[in-house]
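Starting off with a structure, shown below.
Going by the order they are written in, the chains are A, B and C; count residues from 1 in each one.
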Amino acid sequence: MARSVTTRRKAFNTAVAWAIGLLIFFPILWTILTSFKTEAQAIADPPVFLFFDWTLENYGVVMERSNYAKFLWNSIAIAGGSTLLGVLIAVPAAWSMAFVPSKRTKDILMWMLSTKMLPAVGVLYPIYLVFIKLGLLDTKFGLIVVLMLINLPIIVWMLYTYFREIPGEILEAARMDGAGLKEEIIHVLTPMALPGIASTVLLNLILAWNEAFWTLNLTAAQAAPLTAFIASYSSPEGLFFAKLSAASTMAIAPILILGWFSQKQLVRGLTFGAVK
Amino acid sequence: MATQHSRSAARLMMAPAVTLLLGWMLVPLAMTLYFSFKKYLPLRGGDLGWVGFENYVRFVTSSAFWPSIQTTLVIVGGVLVITTVLGVALALLLDQPMWGQGPVRILVIAPFFVMPTVSALVWKNMFMDPNYGLLADLWRAFGAEPVQWLSQASVPSIIMIVAWQWLPFATLILLTAIQSLDSEQLEAAEMDGAPSPKRFWYIILPHLGRAISVVILIQTIFLLGIFAEIFVTTGGAFGTKTLTYLIYQRVLESQNVGLGSAGGVYAIILANILAIFLMRIVGKNLDN
Amino acid sequence: MGRIVLEKVVKRFGQAEVIPPLDLTIEDGEFTVFVGPSGCGKSTLLRLIAGLEDVSSGRIVIDGTDATELAPAKRGLAMVFQSYALYPHMTVRRNIAFPMKMAGMDQAEQDRRIAKAAEALNLTDYLDRKPGQLSGGQRQRVAIGRAIVREPQAFLFDEPLSNLDAALRVGMRLEISELHKRLNTTMIYVTHDQVEAMTMADKIVVLRAGHIEQVGSPLDLYRTPRNLFVAGFIGSPRMNFIDGAEAAKHGAHTIGIRPEHMEVSSTSGLWKGRVGVAEHLGSDTFIHVHDTGLAETMTIRVDGEVDLHHGDTVYMTPREEMLHRFDAQGLRMAEVGVPA
């Protein structure tokens, strides 16, 4: 809107927005701050905000207590693997739906989304049995497959909405130019949809990273990702707020950092491609 | 733009995704149905034979069943209402001209990055702990008796934790939608003499219809399955047992797979009722 | 070479028959324009020839081979799309090279053809830009460049000028015509603009609702339109049509007279009316006349400047030999002594 806004009005907006933004962000900020306190300072009343003796001791204790690197690697492998696999399967499907739509396209899409409504807990035991039979229990591969399947409908949906923004004429031009289906997807569609694919990948990395039902129930010592690492802090042993904060910070830091560096794609991804 | 060739290619390329999802849906579903008609106690004798509908009857007649349905609906509904209403308000605020819009937006969406186990643990201990939590400190600072959040106000507490996680998502979708509103429409309404509440009611809100549908659809899908937030905080105590959690207890804590599976079938039915209901409303809105 | 024959081609979308059985031959080297109002099936027909749509029945023969079942790329055709359909992530050079790369042509030959095409289309300075950095006319030229490097049997143009502004459109029209003269390759050009059809075509195919209304050279269509539809569609301003008693005087159900085929006078003439709007273009004047008792509005085109204004009384006299006569079915009637 080509209209000047009074500075006072703008200052007021800024103040209110920052206040609310900080309020929403506060639990995360507080967790990060607390991770640098001693246990005594962590529960001090009145609470201390910045003027305390900063210490890295908690991180040392957490590292000693459990093998952070292993949990981290499992998280990366599982989130990355399931997202990559999901995108590889979803791109052709989304291509079909976006560029060769039929009367049933919408129904298939809705059906795919509806599989996400199946309560995981309802099918936990069967999946558990299947996993034992196939020797997939507590393996990264098993979790990669499961997380790929639960996120596949979302990936297909997002890619479908991004692909639909690409004019069909360009793909037809490629076809006239002699591109086969493979070349059409590799040389034309994928590069054009790259921002959308990036957004999809980012969102699914987050969803897979944070998934806390299957990762908790299908893993033990070997394949457990960071969700399990943090769940081991759910039963308190003495004073532990600072250590809990350190562990929490370590669990969410990779995603926070990733999010920070890819704001634009992420913001787009967080809308699930549903709103432009 | 469809030739026979491209149509058959399309079917072929859709096949992996459809087949996998079909398998993912049907195999566990069939197994769940199978177990639900059995007395099956893995740690106490295993498969003890067919029992017909006994598990179904037992599950529904158990005193925990109806409360669990109620809890599920209250939590899902509560989170939806809070996130949608606050989401619209926040989106309107963030759409205003201000300094540092980008950083504020990052602050607001940050909770979405936090894994549910972490957010539940942090809220439970560092904020809602009746002795050492920050909220207790705050209450004491005003001379009030600290609230036993997770036992005295357990359901609202869980709604709050979950709403905190999902508010960023709602805000972001609604903000994107508001920004896509043609500003000429608003200017036309202003010329027509509509004051800002009326502009909001007659122009902005209808424009947000589709975005709100998306928020409700996607959140419902995820909220029906919330688990970690309850597992970590109350463990299902103090009236926070959702249907999901009740089934979890039957299967894993009581190791009664038959009974749990019957519950699973109920949960699937409930999800499908909600799904049909939602698709009806939302599906219409998604056609563009 | 690029002789294209359509035999009994039919296209159905579900129940709806958008192209009823249709026969058409396009001779090698001919510039053929498909023209008609929107929804007449002209783009569908082009896409059938391109292979972007399947024919429901019938045969398409290109250069003597049955191409009905061939994939688009195997038909030896190049197409320029309405939206240009350039690949936005590739430079102009890579856009033009794409079809050759797909064909596995060797690099030296690719470079030679790109250089030649760029030279011919004035794109040499823009080869390393992306389409987003080009103007509409330049994008159009890149699309044409991408088509010519393939040295196709025939070029297909799908309303290629409709996204350009008026001035550019005239320029591009000339460029495409010149390209045709130079290459002498078959071109099929789809447009809804009868001016483009008249100025560019060797042969015009007028389509309505999937039917061919008439095929012929621009002047054939102008002089002897086969029916009311063609008569009304070709020519600008539109032909005037008169029903009733005045037509009956000529033994016809409807008579038509083009605006440029009437004499105008402020004192005397066959028909009388009142000037509604006079459009003064300088080179000529279009006068829209009301209250003639013959038709709602009659349009007259007069060379140069005429001093007529709103409300003036005006007399019109048609040039008898330029009258078109149509029967009750809207078909052209034989001229007196000459078969239609």
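Please note the rule applied: contacts are C-beta pairs under 8 Å (C-beta built on N, C-alpha and C of every residue); 3 or more make two chains touch, one makes a residue touch a chain.
Since we're looking at a predicted model, the values are computed, not measured.
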| item | value |
| --- | --- |
| Interface with the most contact pairs, given as the two chains involved | A-B |
| Farthest chain (mean CA position) relative to subunit A | C |
| Chain closest to the middle [Cα centroid of all protein chains] | A |
| Centroid spacing, where centroids are CA-atom means, of subunit B and subunit C in whole angstrom | 57 |
| Centre-of-Cα separation between subunit C and subunit A, whole angstrom | 54 |
| Separation of mean Cα positions, subunit B and subunit A [Å, integer] | 16 |
| Residues of subunit C touching at least two other chains | 52, 71 |
| Interface hub residues of subunit B, defined as touching at least two other chains | 1-2 |
| Residues of subunit A touching at least two other chains | 172 |
| Complex contact set, residues of subunit B against subunit C | 1-5 |
| Residue numbers on subunit C that touch subunit A, as the complex places them | 50, 52, 71-73, 77-79, 81-83, 85-89, 98-99, 102-103, 146, 150 |
| Complex contacts: residues of subunit A adjacent to subunit B | 1, 5, 9-11, 13-14, 16-18, 20-22, 24-25, 27-28, 30-31, 34, 42-43, 45-47, 89-90, 92-93, 95-97, 99-100, 102, 106, 108, 110, 112-127, 129-130, 149, 152-153, 156, 168, 171-172, 181, 206, 209-210, 212-213, 216-217, 226-227, 230-231, 233-234, 236, 240-241, 244-245, 248, 251-252, 255-256, 259-260, 263, 266-267, 270-272, 274-276 |
| Subunit B partner contacts - residues on subunit C that touch it in the complex | 47, 51-54, 71 |
| Residues of subunit A touching subunit C in the complex | 167, 169-170, 172-179, 183, 187-188, 191-192, 194 |
